[in-house]
């Protein structure tokens, strides 16, 4: 039987569209966590529009949809004030956190603890807080819909 | 609580890619049943390619994928010999039945018993043989993937 | 300087949506000639819808849009009566010819004289009757629009 | 006979990928001028990728492809340093100008002189410097390809 690891906690320096939240507080709900950078073409053209579709398609369920802005390059152009504009222009209303930086490290903390390769990366976390999917790059809609519904169908523990 | 009706039996005059089968024999498995006509543009351009994607994406599950050729117009151009070519050219390897006709009625029997409006129509049947979805027209991949996975996640009875 | 060959004449056994026509009669106009088979997936899903877009986008010009049904396989399933249904269902209103067969040869005559590899193949013929493009497979919309407009812009001779 | 107006001059505070240029210096060549904002979703998802396709498809012609960053909102998030990152990440190598601002006016100068409604807006300028197209919103690839090729085919004067 496959054992999945617990999803590491998020290190967030600022939240948009939400009070501060953490994964522990979401225990019991499946979580769709997508990491992006606001100037990464694959994020902007594909992953973020898909995340907006996910938020809408599963609005009647207890899925938690969360964005994480993991800036690891061009930091001066993707600060929180710029992100606020990006969220506004793209009508993103679900919680989005800014991945926190340790002093002197261009790679942010959550990106390090999840060992992400780049953006966009999609994570799915189950009701028990286990990391069930970590996918770098684009995901097909049909398979993504199925994976989310599978997590939703699992019993709370 | 919503009660779903039992899916009516299929009336099929000829099967391709399969020995004769019926829904009773599939009891316990969810069924993806897509009705089409081989010369209906919406079927050929969208619904059949999507059904092929479904068959591939859920190949490792116990989902039964079935096509039903419900010819209600231009019968001379969509006979079984033509359908055989269509299935070959589109590499459709899952079971496809030809909806049977009662003498003198252009609308075939299964199309009548399911009260279908036209093609393409997609049906989802659950493990207990209940008709859970009947959708005329196109369906979004993300939502379709979720609906199928939800049925797969239901316990066998 | 590149010399283009004259486009060979069409050998057509039956015309739909038109009186019999030939390329000589279209001399002076550029011609968009697309060959297809009504049960070829690449034709049905991409090339024919694109040809319908071309017919609409260039309706105000003197471009001649012509389809040619070059059946080289599964002849029994793609006869003229079936083609008539296909044209009706897809609302194809521009002239479509049936490529003629010599007795005993499965490859039709125009397909032979143009040395086509398969379907879909797109041909562009200029105002002087020269074959300027013969492309097997799919063509990008942006480049296709440009190629057609270039031919339209050439002076009549 | 339709008379087209001369294209107004560009007011640019900074050029990327080019020495300073002006439309007068491009007289004799057709110009594809697309205005955008780096955080406008329709620009980023559709218009800019299309402009990159145009630059590639017409690279062997004398078409001049130019971008103009017409920032009329959220100025703090779309400054030249941020634009530099955007151009780098999207591999935009053709000349892009920053539309200049008069003090106290949020709408930039070229946007005013062309009376643009918003972004994205596409302009086509002919070899004689006349403004032939000004289109706010998305443009179909097939028709765009045709319009550009028509301008290319016009004789230099």
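To keep things simple, chains are lettered A, B, C and D as they appear, and every chain counts its residues starting from 1.
Definition applied: a residue touches a chain if its C-beta (ideal position, glycine included) is under 8 Å from a C-beta of that chain, and two chains touch if they have at least 3 such contacts.
If you're wondering where the values come from, they're calculated on a predicted model, not measured in any experiment.
Relative to the C-alpha centre of chain A, the farthest chain centre belongs to C. With centres taken as mean Cα positions, chain C sits 50 Å from chain A. The distance from the centre of chain A to the centre of chain B, with each centre set as the mean of the Cα atoms, comes to 36 Å.
For chain D, the set of residues touching two or more other chains is empty.
If the chains shown are joined wherever they touch, the resulting network closes on itself as one ring, and no chain has more or fewer than two partners. Across the whole structure, chains are in contact as follows: A-B, A-D, B-C, C-D.
Chain contact summary for the complex, chain B toward chain A: residues 50, 53-54, 57-58, 140-150, 152-154. By the touch criterion given at the top, residues 38-41, 44-45, 49, 74, 76-78, 81-82, 84-86, 88-90 of chain B touch chain C in their complex.
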